[in-house]
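Going in written order, the chains are labelled A, B, C and D, and every chain counts its residues from 1.
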Amino acid sequence: MTTVSSTTATSVPYRVANLGLAEAGRHQIRLAENEMPGLMALREEFGPTQPLAGARIMGSLHMTVQTAVLIETLVALGAQVRWVSCNIFSTQDEAAAAVVVGPTGTVEAPAGVPVFAWKGETLEEYWWCTDRAFDWSTEAAASGASFIGPNMILDDGGDATMLVHKGVEFEAEGRVPDASAADSEEFAIVLDTLRDSLINDPTRWTRISQDIKGVSEETTTGVHRLYELAAQGELIFPAINVNDSVTKSKFDNKYGIRHSLPDGLNRATDVLMGGKVAFVVGYGDVGKGAAEALRGQGARVIVAEVDPICALQAAMDGFQVARIDSVVGEVDIWVTGTGNVNVIGVDDILAMKHLAIIANVGHFDNEIDMAGLAKLEGAEKVEIKPQVHEWRLPNGRSVLVLSEGRLMNLGNATGHPSFVMSNSFTNQVLAQIELYATPEKYPVGVYVLPKHLDEKVARLHLDALGVELTTLRPDQAAYIGVSVDGPYKVDHYRY
Amino acid sequence: MTTVSSTTATSVPYRVANLGLAEAGRHQIRLAENEMPGLMALREEFGPTQPLAGARIMGSLHMTVQTAVLIETLVALGAQVRWVSCNIFSTQDEAAAAVVVGPTGTVEAPAGVPVFAWKGETLEEYWWCTDRAFDWSTEAAASGASFIGPNMILDDGGDATMLVHKGVEFEAEGRVPDASAADSEEFAIVLDTLRDSLINDPTRWTRISQDIKGVSEETTTGVHRLYELAAQGELIFPAINVNDSVTKSKFDNKYGIRHSLPDGLNRATDVLMGGKVAFVVGYGDVGKGAAEALRGQGARVIVAEVDPICALQAAMDGFQVARIDSVVGEVDIWVTGTGNVNVIGVDDILAMKHLAIIANVGHFDNEIDMAGLAKLEGAEKVEIKPQVHEWRLPNGRSVLVLSEGRLMNLGNATGHPSFVMSNSFTNQVLAQIELYATPEKYPVGVYVLPKHLDEKVARLHLDALGVELTTLRPDQAAYIGVSVDGPYKVDHYRY
Amino acid sequence: MTTVSSTTATSVPYRVANLGLAEAGRHQIRLAENEMPGLMALREEFGPTQPLAGARIMGSLHMTVQTAVLIETLVALGAQVRWVSCNIFSTQDEAAAAVVVGPTGTVEAPAGVPVFAWKGETLEEYWWCTDRAFDWSTEAAASGASFIGPNMILDDGGDATMLVHKGVEFEAEGRVPDASAADSEEFAIVLDTLRDSLINDPTRWTRISQDIKGVSEETTTGVHRLYELAAQGELIFPAINVNDSVTKSKFDNKYGIRHSLPDGLNRATDVLMGGKVAFVVGYGDVGKGAAEALRGQGARVIVAEVDPICALQAAMDGFQVARIDSVVGEVDIWVTGTGNVNVIGVDDILAMKHLAIIANVGHFDNEIDMAGLAKLEGAEKVEIKPQVHEWRLPNGRSVLVLSEGRLMNLGNATGHPSFVMSNSFTNQVLAQIELYATPEKYPVGVYVLPKHLDEKVARLHLDALGVELTTLRPDQAAYIGVSVDGPYKVDHYRY
Amino acid sequence: MTTVSSTTATSVPYRVANLGLAEAGRHQIRLAENEMPGLMALREEFGPTQPLAGARIMGSLHMTVQTAVLIETLVALGAQVRWVSCNIFSTQDEAAAAVVVGPTGTVEAPAGVPVFAWKGETLEEYWWCTDRAFDWSTEAAASGASFIGPNMILDDGGDATMLVHKGVEFEAEGRVPDASAADSEEFAIVLDTLRDSLINDPTRWTRISQDIKGVSEETTTGVHRLYELAAQGELIFPAINVNDSVTKSKFDNKYGIRHSLPDGLNRATDVLMGGKVAFVVGYGDVGKGAAEALRGQGARVIVAEVDPICALQAAMDGFQVARIDSVVGEVDIWVTGTGNVNVIGVDDILAMKHLAIIANVGHFDNEIDMAGLAKLEGAEKVEIKPQVHEWRLPNGRSVLVLSEGRLMNLGNATGHPSFVMSNSFTNQVLAQIELYATPEKYPVGVYVLPKHLDEKVARLHLDALGVELTTLRPDQAAYIGVSVDGPYKVDHYRY
């Protein structure tokens, strides 16, 4: 049924059970290519010179149709790739199947990329998949090497990077802590995974880490982890913070959510947004996109913020800014986009309107206190349909929780659309090229892409939208002290 | 393949193939009830007095979850009901199944309403279903009558009303014209249906028509047909034009499309609307809703209009107003909402951008010249997924046509959301009560609901949105010459 | 102090005090002509045939630059005109001066139209002016007639029409009631005016009324009075309700207010709207325009409504709908647009935030209880600048009242902009032509303009905005049952 | 008439000719204080400790009502102040008069601050005023010092800072270059000013510069000059770049323009924006605010950009992005907001629509090629009213140029509103305190305010808008690695 291996199929890491799935995925990839002009332009520009020849990329990022175009772009630039999703619900099975088969392969003779991902993984399966994507023994066998691992990571949320760092740490200590030390159910599974690894091959992660030339990281959360590692002197390899490219954070986070939040709400609930009261927790880029989308559908939007600058922006943009408890009983749709923990707690949920909808587009499922809800005496979880659950509360009311508190734009819809992801992923590819091809520019540390590459990403997306760019005259460039070709702004410019 | 049944149906025209389907539908109906406060309020207000006791309603309207709540409201007010969809693609099978089983029935012992509808009917099946819903022999048998038909019609698009009128006409003439006289493939099937009927029972439609106390009609198109019939003196029974209630035309048409157009685009294509050029043909209520939704998602919207007043409104609302041929090569997304014919022709399609998306939210599939496209030499139709087809054109480009040119908000999404439909359907129920319970007020002719009922529909939807209505003081009511309780506006007020 | 004159005015009721004023007005009229394509097109179309030759029009409508273009259009079509403003604050003195001088005249030899209006009239002066505009003795003398009055009225708010009707009534009764019978200070002045007239010429109004072929009325309020007169059988001459042309009510009321409300707020207070809480009382066309403008400037808008349909529209458009007392302490900017009385009362004002702004864009100054405020013990009125008053309240807080509660878009700004007024005034001119040139079509009663003229008004404004209108093909016109040239919609269509 | 000295009145530096002017200004200042909660909060917080005691601030910033509240805040914190405007048209005379009189003074006994500014200065007067504000001989005399100058500069656009730097440079060289070396008419006047100074006191600027502890600079343009000086090693004293505080650049530039652009257009032209085509040159913060305001009024907005990132943002926000020459004949309203030179040239102007409006909200009058227009053979300039000129072009068409190409939001309206300026000016005051009270933190160089002060500025403006700020729980602060009290974001966060 799925497009991926079973745990028992050690030597057959993946298989495609379903011909139609791969074909459907290929159709969608073909259409997505039309919407991803940045990636297609990179194939044209860099295909001849193969700057990623020799790169062995372990990718951990939602296995969607758009990611398929990313993967095939990396391959077109010379890389070998293995892939996992970074979220248990976000895989589009047809995309995974098509990538495995490859654009020129067949189901019988796949010529694509190993992918370990399916929609609806358990947490155990998730970490098993991640571990598999670090296992390049098939490639090693093919090349006659005794051992090879990946030499690049392309990460989203930092799970792959974390696994390497923890693996190295535990190998150095010679032991993995008890699961009881885990601060979450999920981390206990990580520990189990690494404990097995330590038993099987006590230097595996150390060897892997030594080969890795760098990681490019997609998200706020993953970037935050990287800066912490760097600050503590524990970062093992250089990292490019793709998230903070303008063409990522100001596009993916804002315009992507503007698209995919209402899409997910619609597919999950079919509930009219017009006339409803929506509450957006957090007014960063994600919250800004969410608020704009909801207003665009005629909802009345209330915003919560902890940062006075963002709170003032929300007010100036015409939104009411309130604390949850001030308006909890009036709200029809709850949206979280903070990257923080327990921003909606069980007490908040108990005070909500009957059948209020709770949707997280921030990052982890701990933005909403799902763990607390699961422990709530008398609460009952009823599946309405996959990724849509009615939680019947002891007070007689219910709430609808989407994607079990995880990213609903991925779990209930198909994530950000291709065009937005083309921006993010063009940054990713440029970051991989930078780290792999010019490692001398990146000692261990965390970097953002230079502004001229950020501008290049934007430039590659203009024609598709019919945008006519104005060209500076030399006298104008001189007047503001820039080159005619850019970069056009100081580094601290905020856009 | 069919989704529904009733154990009492001697000829077994339908059956429930799938237990889970009915259960899933019931979950959705329960959630929809929370979004349809108007209908639920009518159950509360009129349940005790059963104003529809004795009514036998033949309903022809998209068989969705929302329609399920409408049907069960009619039943709660005393009516007997048989139902068909008015569109071959618009049925939600789980809703149909749940209605057949009924809120208190089981799959083994259904206690609901006979429904003849499933997603993806052929045209032959469609008209067979419609004919079945006029066949009340089961109910006749149960009541011991030799013959009964429906005594009320609830119609959407006028197909049920047309069938009765044509049936009566042909019975009077004693013959049904040749199919060759049909102006469309579909009308040939209608003729076949009526020819069979004439052979089997040459006075069936005449008898049916004599019992019918009236029809309430949902849409612009159906209403247009009714006014034509009335103008020609051919209308057989009174009709209430539900479409032109303010709470229908200004809500369903505008706010419904605002919701369901982007929903359908997303489910069909996952294409980012932001930054794209969208072209909306027609700036009536449907076009206004479409344009607002697309702008709310960051698209640049261009509008076409033939009516100078609507064209000026579009300009004043900030939209470019252009003819198709002026901008045809720049447009990414085409939306039709005119109710007119061939507003996008084959020549237009041949001039479009590669992979331009064509979406109809007007009414019939002839808004776009699908017939012409089907005949185009060298054109090839490739199914990307159900209701999404790539038409490869002889010029080497492709376009994506949604729902084969039919209503894509129904075919690619789930139609208008419950809250909007609650407004429309509350009008429908009030119209059925008016026609059935006070026939003396409605000699044969076409009527709109009196304004106080239109205001009542709105009033029943305010609490759910947290709207606080201000009450006129008597001195204020006197000052503007209205009653404190309304109606508040002159009949020609435009809202 | 007064701004206008004509050397032919024997009783010298007005004079031009200021040469520069007339020149400045002429500049502005010339620019306004560029923004009033409808009126300019009528000059071109009807100038040769002079359909208003012989018409003697008494106009009572805000004496602005735009009205100057209207007046000169009436003259260009053959009419003789006398004019007053219909509001004591709304005259733009330079426009009045320029109209008196006329496009081809000079200050020394004015060749324009007698205008009796200046910014900041007293109520006594206002009614004196109105009376003067009914006095055509100068014109009578010039033509050798013993007596002539106007034979057409162009009215705004109905004051001119009311004066004739009351005059006729009192002449029939042979007496004018005591001022003590007046329900307002202003009506006492009307009675005084008519009492003087009865003494001087006891059949003057009766004679005037017999000549009048009709009135075209601009506003909701005036139209309401006309329908009341007609319903009571007291209407003396036919009336065309210009207000309910789509191109008037849906343009002037909505788009005009969208423009002039923020303009007036800015000129009066310079207060940032962004981030503020604005409360719009009434969500008719005026309220819709106000709410859109305030949202467009980043305000958070709350709406109050008594009509459940309009209330539901407000909610669906994303606005909070609340009663005044629910939120009175949170609101920074109050806007009234109801046409009703005392919608903001003294108690409301006492509960407002310090320095809350109160702005009326509805109609009379009784929308806000200015009379009650004037009587409030301990309240003090401080002029900040003309038309901006701080009312210091006994509770220690203040409010800012604009234009003394009268129409602030006229008192604090310059009223609706030329382009909007071109729509309204093109309707006015067409209505004058209809009533004067084809009186047989209009027996005594109240009419709206036929739809084809309404569409014509729109059509005349498209080119200036670069709008490309699409033309129906004959097959499309036939399909929807209209003429290719329109009208395109049924009469009850709501736009 | 004006509020300021004449060139002959060396010992009487200012006088108030008009009592009403000062009183009117005081009313407006009192209302503005209600809209400037940040400044009022600083008076409360820092009034007792007088952190600016001993500071002698030379301020060069538009002398508006808002600046009056800034000046009086600086005084309330202990500073002595002398002030000039930084733009020849931007002074509000009543504000200047009121500041001179002071909150507690009278016209006869002014107790305020010396202000050298009036609306409509010549360039010679402008630089004379600036020179006067550097002349603290009155204060020196009062304190018995032989010489004192200012020890702080508060600058907008950098003119004051430039004058000191040029003065020092020329004093070092012992000569001032010939006026023929000037690259503009204005710089020739600067040279004249400094030449006079060199003759009268050849070490004046050197002595002044040695006392100056720092400058806080308001604008993009001024900041750009500072970074250039610093890069060339020529900066004499430390500078704080107030412009790049988030609460300045993202508020003043964006929300200020959103308010004041339509305000200026309305006051200048009364032209309807709805339905018109507006072209915004530049999509930085200023352009974003302009585009939002125009769209909010129903205009169709087209944007031009040279930076591909900003161009992509404009497209994603739904705007057409085009080059001027592609659409020049369709545009009704032109707005420049680039900070660059000749972005609208004479050739562009010659291709424009008749009576197109040209409005600059960027910075200098060279954004539009006013110099080229002045030299255009056959062009004629007609004053419609002050700051509004019709340029009759040799091709028979005209354009309307606002404020002679200078900042029209200041010249045609009253600049940014108080609330926005409260954000900017709270940054200014904090910057003055930082530089004056903790000079050890700021060696010569250019700095932005630390983020915690930026957040403080925002925080001081929330209550006035009814914003409820959410407080981080300690576990949440720890989770994202910040203090509960902020700062909440990394330095490169873009908001």
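Just so it is clear, contacts are C-beta pairs under 8 Å (C-beta built on N, C-alpha and C of every residue); 3 or more make two chains touch, one makes a residue touch a chain.
Keep in mind that this is a model prediction, so the values were computed, not measured.
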| item | value |
| --- | --- |
| Chains touching both chain B and chain C, listed by label | A, D |
| Of A-D and B-D, pair with higher C-beta contact tally | A-D |
| Computed distance of Cα centres, chain D from chain B, in Å | 59 |
| Intercentroid distance (Cα basis), chain D paired with chain C, Å | 40 |
| Whole-Å separation of chain centres (CA-atom averages), chain A against chain D | 43 |
| Numbers and ranges of chain C residues touching at least 2 other chains | 255, 274-275, 295, 298, 312, 315-316, 465 |
| Touching residues (chain side chain A, partner chain B) in the complex | 24, 27-28, 31-32, 34-35, 65, 255, 258-259, 262-263, 266-267, 269-277, 292-293, 295-298, 330, 354-355, 382, 384-385, 390, 400, 413-414, 417-420, 465-466 |
| Chain B contact footprint on chain C (complex, rising order) | 224, 227-228, 244, 246-247, 249-251, 255, 285, 304-316, 321-324, 326, 339-343, 423, 448, 454-456, 458-459, 461-462, 465, 467-472, 475-476, 479-481, 486, 488-492, 494-495 |
| Parts of chain D lying in touch with chain B, wherever the complex brings them together | 274-275, 295, 298-301, 312, 315-320 |
